[in-house]
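Common to both upcoming complexes is chain A, partnered first by chain B, then by chain C.
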Partner chain A sequence: MSSGRSITRSFSSLLGSAMFRYIVRRLLYMIPVFLGISIISFFVMYAAGDPLSIIRIGKPDITQETIESLKIYYGLDKPVPIQYLNWLTNLLQGNFGKSLRGGRPVNLLIGSWAWETVKLQLISILLAFAISIPIGINSAKKQYSKQDVAVTSISLFGVSMPTFWLGIILIIIFSYQLGLLPSAGSRGAPYLWWDNPILDQIAHLIMPVAVLVYVMLAQNIRLIRANMLEILRSDYVLAARASGLSERKVIYKYALRNAIGPVITYLGISLGMIIAGAPMTEYVFSWPGLGRRYVTAAMELDFPVVMGITMIITMMTLIANLMIDIAYVYIDPRIRLR
Partner chain B sequence: MTENILNIEGLKTYFFTEAGIVKAVDDISFNLKKNESLGLVGESGSGKTVTALSVLRIVPKPGKIIDGKVEFNGDDLLEKTEKEMQKMRGSEIAIIFQDPSSSLNPVYNVETQLRDVILAHQTVPKAETRKKVIELLEVVGIPEAETRMREYPHQFSGGMKQRVAIARALACEPTLLFADEPTTNLDVTIQAQVLNLLNDLKKKFNMSLVMITHDMGIIAEMTTRIVVLYAGRVCEIAKTHDLFERPRHPYTEALLAAVPRLDMKKTLRIIPGNIPNLIEPPSGCRFHPRCKHAKNTCKEKIPVLEEIEPEHFVACHEWQNISLKGERKH
Partner chain C sequence: MASNKKGEKIKEKSKRRPASQWAVAWRRFKRNKAGVFGLIIVMAVFFVGIFGSFFAPYPARPNKDAIKPFYKGDVRKPPSWLDPEEPNNFKYLFGTTPIGTDVFSDVIHGTKYTIYVGLLVTAITMALSIVVGAIAGFYGRWVDNLLMRISEVFLVFPALLFILVFVRIFTLTVGDPFLTIPIINIQIPAGLTIVVVILGLFNWASNARMIRGEFLRIRELEFIEAERALGASNTRIIFRHILPNLLSSIIVVSSLTIAYAILLEAAVSFLGFGDVNTITWGQILQENFSEMRIVWWAEIFPGLAILLTVFGFNLLGDGLSDALNPRLRD
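For the complex of A and B:
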């Protein structure tokens, strides 16, 4: 009884809170962004070429009649603005249309691809943070030490190394030469040491995660190190030391929270790319995620699939950015909700 | 003889920078009696802050204490382990910094920052630390302490922030307090309030105080004895009254002449010449390039600090041959 009342009370205080109003406002702002992006991508794409012409390459003897009937089937005979409105109407009912290559519903395809991408990216991001924070801090604490110089140069290497190349090197060494890891896909037949479903998934994750982590790691470490260096020189860190706080508390409580903000901001800025699935990495490892399918669908001029993935990525990016902005408010109290 | 709470002897703290070795504190000696208010004055860069940081042993990199003794109640702090030092910081010796906006952590509220200091030195239950935090904030004159302790530093005015910083310094009732230009960044009206507060708290908590400033007006009000620093060395040590009326070091005279005095409508005069480079400081007496009384010996020999009358020390080759002008204390 009393707990029920307190839940009602905390719910109504949530509704009235600045944070709730902020989230609602941000969600409303997403509508025009979403529409704008869909219009631009739709028109740019449909101006780019005739998606059915490509069929002729595979089947040179296909008749003009068949092509015309396919056009009508997919609604490609109508003017582009009408096609857009049809597409949008369907989308509002949760229907992304059918793939031009095989006719399967886009919804079905994207669902599993998105899951594979989110799984890969989430693991990589978390791992990248878990590794880069202590390394960045240590590097800053021992500025110009051998360890610091090593970390700084390796991470410079990481920033400038093409992921494509790194992925291929890993496949050559670990799959073809040593035969230790599977080279493609997100799961497969039991084999060698990955002979149960869980180990199988892990084995497939190792190399793509390694590549993604390595790329993010470099950037993260550089950011954390640079921020930490500045913060370790600040008066509030000196004051914390002067108050007799332990070195661990000074670094991991008083300094770190200030250093993490810019890293989160950076994550926000690069989220679009991350969610797009770092297409190169997915491509190299034949990862069945959004990124690789995005590339394939674009090359096959499979417009409904390309549009579907574009909209999913847009939405994920917008929502992830909102989540990051909210996290930021909790990390830095000076940030006001506007 | 009164007991000394602090006894600094031959302290040297250098910064090993890429440009060279900055001799920020170079053979400084002075002491502090129990319950005394001592002034540490000198131009910007003379080594006041570095001296205080050296006592706490928190000199930032690339700085290092390379020689000397810092006796606190008879124990040499430079001999202590880092762990032992950590226990003394905040609980026995505390410091208030110049700029409260940068010395308070922007991302934690006031309660957290004060509580962490208390918990670093005492094991007390949570409810009790909260009571202690409220008490502390009330002692330093922050109204509605109970609600304000949940606020963040940026929600306080400059004067209030400095009060919070003072509360943090006093959290564990230290016996020795360094106040490093605690009012330089505050409005004039607020300055007086904060100085009064410091004076009251010093009595209330029975503290010994080292007041660091380059404002001779503040030093006259707040202290009973003064140590004058120039370019990392001590020039003169004397009772406040003596120093103002009968300075014996040419640099002290110049400092006094630079004091802006409202009653005399005198504008701030800056001491002629440049602050010396501490990587290659002037030979002999470091003040000689700017000193009107400099003789040849001044360039060659380092003057030693000598007691020329009871409790009045001077480091100058020429003190017997020159007569200097003081300031009559109102």
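For the complex of A and C:
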């Protein structure tokens, strides 16, 4: 009884809290952005003209009757704004339409591809952040030391390198020349690597993860280092040092908390892109995920699939942005909830 | 006597024109080894891009399917300096492809396209972002709000994915592989130009937000207030007073945008969405990707060219940033 009352009380205090109003306001802000992207996405289809004419190019002997029935099947016989509204209502109900190739429902296709991408991306993002934070901090602590110069030039190299090319180099060296790792796919197709399903999975993950981590690492380290440098020169760090705190405490308890902001923004962007995957990395390693499927769908102009994947990425990015904004409030109390 | 001497010295100095901010920046830039290294790489890339066709061992080639049999040289030859059967170490510096073209020549002929992509994408991006940033930052209120919402749409956008779809749609419409610009009579590659325009149209958002921020900051400074009190028009304030103050930031951002544009075009071409009639570096990578088990040299060297060029522009950008905005120096 008393616990029930405390739950209602805490719930009503949550409703009235500044945090709740803040979240609601941010959610409302997301609506126009979402609609804007959905409108642009939808009208991209019409820049291409009639998707059925593309089918006709592929199958010249198709009859006019078949075309008409296909038109009705895909709902292409209605006026454009009606088509948009139909598409949007379907989308909000989780129905993404049917693929122009084979006519299978897009949400089923996406569901079956998404897991591979999420697996690859989550592992890479976690690794990248775990590695980059200590390296960035150390680099800032000893600015212009040999270690710092090495780290900064390697990370500048990282942002200058085409992602897919790093993948190509790894495949050439480790798969083709040394024969140590599989060059394609997400699991052993002809045989199991290292005679064990789990080890096989790891063998397939090593190179794609290495590529993704390296690219993210480069970005992250540059961000953390630049922020840390600025903060280590600030007055409150000087004050913290003067009051006799250990260097470790100064850095990890006071400075890091302030330096982490832009990193979290970047983390949010990466989380939003989890679903998008890295199309180039997936393409190079023939990873059966969403990114590679997107490239194929764009090549074949399979619009329902392209639009479906785009809208999912958009939603993920918006949600990730919201999560970042909320995280900011907890990390940095100076941010006012407006 | 001494004071007199001092006075003369001061007079002598004041006869000389004071060092302009550009001269000061150049002096600061010269001291930055990484920046100078970047500048050297960039100048070398421009040199190869402009004069490359004079010293490339083989002429520029058409697309993969249009190659005539007589054009074909040796097929799948490794770089000559690695090939024990090849007496001439310099015959094929980067090896040859499965269709018998010389990778070294292809890389040299591709350089001009890389420069074309980098400069034109950046020109479009910067023009758009300056216009949007200036309007949003100067006029504020609802205009600002609207433009910033639009830029948010572009930031949230999965840009690469959208670029792929757009490029695919519009390159389908290309007829002639080359367009001739009437008056100056220069040929430009049609498909590549479509790619470039689309890349330019999709990347303005973050630069526009940066320029808007600077506009907001400078708009509130006292000298603008003074100018306004003197009765200057908005146009005069924007073009004569705010934009010149932004020039250094614009130069720095442009250099970094060139680097980014080159990477993006390489990615688009590599994924198979590029213009098959212009052999850019990304295009070489795409053409030989399926046979890279054998012709690994045709993947490694064009990629190295991309890496080096982008690295050069990034170093240059960082160096310029240190030289022009010493306040922002890490």
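Convention: the second predicted complex is superposed on the first by the 293 of 338 C-alpha atoms of A that agree within 3 Å, B and C clash if a C-alpha of one lies under 4 Å from a C-alpha of the other, contacts with A are read in each partner's own complex, and residues count from 1 in each chain.
Assume a residue touches a chain if its C-beta (ideal position, glycine included) is under 8 Å from a C-beta of that chain, and two chains touch if they have at least 3 such contacts.
Note that this is a predicted model, so its numbers are computed, not measured.
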Determine, under the contact definition given at the top, whether A:Ile82 touches first (chain B), second (chain C), both, or neither. neither
Using the touch criterion from the header, give the chain among chain B and chain C with more contacted residues in chain A. C
Would you sort A:Val24 into first (chain B), second (chain C), both or neither based on which partner it touches? neither
In the overlay, answer first, second, both or neither for which of chain B and chain C A:Val306 touches. second
Could you look at A:Ile37 and tell me whether it touches chain B, chain C, both or neither (first, second, both, neither)? second
Would you sort A:Thr163 into first (chain B), second (chain C), both or neither based on which partner it touches? second
Looking at A:Ile72, would you say it contacts chain B, chain C, both, or neither? Reply first, second, both or neither. neither
Doubly contacted residues of chain A, that is, touched by chain B and again by chain C: 143
For the chain B and chain A complex, residues of the former touching the latter: 53, 56, 58, 60-61, 86-91, 94-95, 97, 99, 102-109, 116-117, 120-121, 152, 154, 165, 168-169, 171-172
Of chain A, residues touching chain B in the complex: 143, 233-236, 238-246, 249, 253-254, 257-258, 331-334
Chain A contact footprint on chain C (complex, rising order): 34, 149-150, 152-153, 156-158, 160-162, 164-166, 168-170, 259, 263, 266-267, 270-273, 285, 289, 292-293, 296, 299-300, 303, 306-307, 310-311, 314-315, 318, 330
Could you list, by residue number, the parts of chain A that touch chain C in their complex? 32-33, 36-37, 40, 44, 47-48, 143, 153, 156-157, 159-165, 168-169, 171-172, 176, 225-226, 229-230, 272-273, 276, 279-280, 283, 294-295, 298-299, 301, 306, 309-310, 313-314, 317-318, 321
